[in-house]
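Residue numbering begins at 1 within each chain, and the chains themselves are lettered A, B and C in the order written.
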Amino acid sequence: MIRRNWLPLAVLAALALAPVAGFASSYETTLMARIMILAMAAVSLSFLVGGAGLASLGHAAAVGVGAYAVVVLDAQGVTEAAIVLPVAIVAAALFSLLTGAIAIRTSGVHFIMITLAFGQMAFFTASSLSAYGGDDGYTLYSRTEVAGARLLENRLAFHYIVLGALALTWAVCAMLLASRFGRVLRAARENAQRVEAIGLAPYPFRLTAYVIAGAIAGVAGVLLANATEFVSPAILSWQRSGELLFMVILGGIGRLWGAMLGAVVFVLLETWLAEITPHWRMIFGPLLVIAVLTMRNGLSGLVHRRHG
Amino acid sequence: MAEPLLRLTGLRKHYGGLAVTDGVSLDVRPGEIHAVIGPNGAGKTTLIHEITGVVLPDSGRIDFAGRDITRLSLPRRARAGLARSFQITSIVAGFSALENVALAAQARDGSSFRFFRPAASERALNDAAMAALGEVGLGDRAAVPAGALSHGEKRALELAIALATQPRLLLLDEPLAGAGPEETERLVALLTRLKARYTILLVEHDMQAVFALADRISVLVYGRVIATGSVAEIRGNAEVRAAYLGEDDA
Amino acid sequence: MTTQLLLVQALNGLQLGILLFLVAAGLTLVFGVMDFINLAHGVQYMLGAYLGASLAAATGSFWWGLLLALPAALLAGLLLEVLVFRHLYVRDHLSQVLATFGVILFLNQGVKLVWGAAPLESPIPALLEGGVEIMPGLQYPLYRIAVLGAGIVTAGGLWWLVERTRAGMLVRAGATNAPMVSALGIDINRLFTMVFAFGAMLAGFAGVLAGPIFSVEPGMGDNVLILAFVVIVIGGIGSIRGAFIAALLVGLIDTLGKSLMPDLMRLFLDASSARQTGAALASMLVYVAMAAILAFRPAGLFPVRA
């Protein structure tokens, strides 16, 4: 277990030690929070893509639903985590259930396009919610409270809560993939015909996976809203979905922790390039193309190969 | 005589103007190997698709174990006890041989909506899978990735998968297709062993194997069953010989 | 809502539909023939708009702009095909999605670098200024009518090209059975390149036409791309006829929905919540329609592959 997963464990350990090792400035913790939250969303997407074979191009929408749950409740004066979190999870799961029920009836490229379209639907809906800022977004003046305490305002506490959420996401997704449920998913990804021939219909398994991944993305959305204290429709734009998918591919499909690695590299690269030039996307875009054309198994594939 | 396990009544399927199965009726009795043979284009593949539920017949009905399954979905038929092998081997190549069979055992053993326990550590599933692997002679290949098995081993693995679902009927779609002479010999021996315990509907091109294995044979030509009978009866049937004239009688 | 307004909105919807068709046509052919999912098709529309607007400004004539923008868009498509897309045909859809996503990032930003982030002016050509009285007392912009006409003529030409010419026959055959076409001794790669460049030019053409109506700005292709995806999914991937019908449908639903929904909601809600709920519902309408159609016909209205 530890030998096989030394790299992701090392990443988690580094994130755990970073604040005590002197990386505790607002800039540094903000950057790390962004990495960890996106990693969480990416791991849940990797569970879908690598585990269930569902390449969703609308995963950011579920993140956005979670973030907007925070906004909507905040506008009603509700900031208690005990309410916010369940509402966000249920909302994101419900969104995934409704869209997934239709999307999963299709496969391959249809699935990619339909998840993309549903993601856009969420985006435009968020843009038209003028009560919550519409296009301009909504500023949260206080973070979500935990049992009435302003725990998340504390930089360190927030860091470790996000880290815990990420570790938990990884553990839960890994557990699911190893379970009976996950075994059916993995088998159906490779050979749905075989799974049907032994008496199992893949659809309910895939839909369940889709809903679970959506719920996790919803939690990531709550954390993201709290990290940035600002939510706009951009959070669920299809470009965000594309970026999440890129983290998964960059890290390597088929290894959950690859997505974590992908998120780290993605955010650091993006941050670094953005400091060099405002037109960093002109470098980033071609890098993406090159990465796709040259790396077939992602970063975790490279690591895996070297360590046999 | 015992009630047939599987009974097809007047299965008809048209594609455009072409009747691919044109009123096929046949039955499979408990304990027998019933072989379906026929020249290419006779409608064997479509017949299998109708029985397994890949395509729905335009008319006719399918009774299995005393129950009308004509309109049941594919997985439901499988759960009712209809296990199949595919003409082109269908296994999960990325799984080990053991996990392939354990998956089938899992499908048999209640709900697969279990989220917590690692499936690989479920003794009952692994034991059932090992038993099925042993039955087809793959006991010592359990840990090998299924994709890395030889062609003959893959065919045997597919049988083990079918057996692990504890089926009432095995539907074998050309189990010998693509097998070399040695592999064929081994697979025929394996099928002979299974014959004692399972009811089998066998669709096969290899006449020698069919004559060696089958209790009864139905001959399908242009979507119709032109004869059903024992091996001796079919060998002596003039109409069957005529249908196969010019065919390479392998 | 008066009949007059309804008529104007219906015309606007048709004209959006026509533009969507021009974009979707290339997308559906490229996907149908090459099994290639090209997210960057939307930026080719954007590129067309930018090229049209800036070439028009440089030459002082919309018409010269249009005339020069078309081959420029074609060239851009060829360049992208050779540099990037060609290497992706054999890859899985996921790789195609990501690599073409990279192209979008590059071009959206590249446009900002060259032309700036502010929207670009794209004036209506003098010849087509003003309006036409389509009903007593009802003026409709001449330019929009011209766009509608140009789109319909192009659609007709495209139909002729695909249904009646040898090249079109090969494209259709390629969409149903690519191996067969290459077995006939046709250089399938050259066919791919041609279809690709042609699709890019159509998208560019749509961009030039759209310039004076919508704002020419970075990212303008992204929304059009997604609507075009909805169009080809509804129409059946690879089907030109399906794309045409679905494009008009989507254009009408989107435009009419946005103008009618808030009014409809006023039957149930007060003015301000009606406006908001109506707008939210209207923006969902196209996707709901897609979902409804797919629920009954998972392969779209006119599936190409049986």
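Note that a residue touches a chain if its C-beta (ideal position, glycine included) is under 8 Å from a C-beta of that chain, and two chains touch if they have at least 3 such contacts.
Please read all numbers here as calculations on a predicted model, not as lab measurements.
Chain by chain, through touching neighbours only, how many steps does the shortest route from chain B to chain C take?
When the steps are counted carefully, the minimum from chain B to chain C is 2.
Average the CA atoms of each chain to get its centre, and name the chain whose centre is farthest from that of chain B.
Checked the centroid distances; the maximum from chain B is C.
Pick out whichever of the two, A-C or A-B, is joined by more C-beta pairs in contact.
A-C
Most central chain by CA mean?
Central chain is A.
Just how far, in Å, is the C-alpha centre of chain C from the one of chain B?
50
With centres defined as the mean C-alpha position, give me the chain A-chain B separation in Å.
Those two chain centres are 44 Å apart.
Taking each chain's centre as the mean position of its Cα atoms, how many Å separate chain A from chain C?
31
Of all the residues in chain A, which ones touch at least 2 other chains?
Chain A, residues with two or more chain partners: not present.
For chain A, which residues count as touching chain C in their complex?
Touching chain C: residues 49, 55, 57, 102, 105-106, 108-110, 112-114, 116-118, 120-121, 124-125, 127-131, 238-239, 242, 245-246, 249, 253, 279-282, 284-289, 292-293 of chain A.
In their complex, what parts of chain A are in touch with chain B?
Chain A reaches chain B through residues 175-176, 178-184, 186-187, 190-191, 193-201, 204-205, 208.
Would you mind writing out the residues of chain C in touch with chain A in their complex?
Those in contact with chain A are residues 31, 35, 37, 39, 84, 87-88, 91, 93-95, 97-99, 101-110, 112-113, 222-223, 226, 229-230, 232-233, 237, 275-276, 279-280, 282-284, 286-288, 290-291, 294-295, 298-299.
Can you list the chain B residues touching chain A in their complex?
On the chain B side, the touching residues are 52, 73-76, 78-79, 83-84, 86, 90-95, 99, 102-104, 106-108, 111-120, 122, 161, 164-165.
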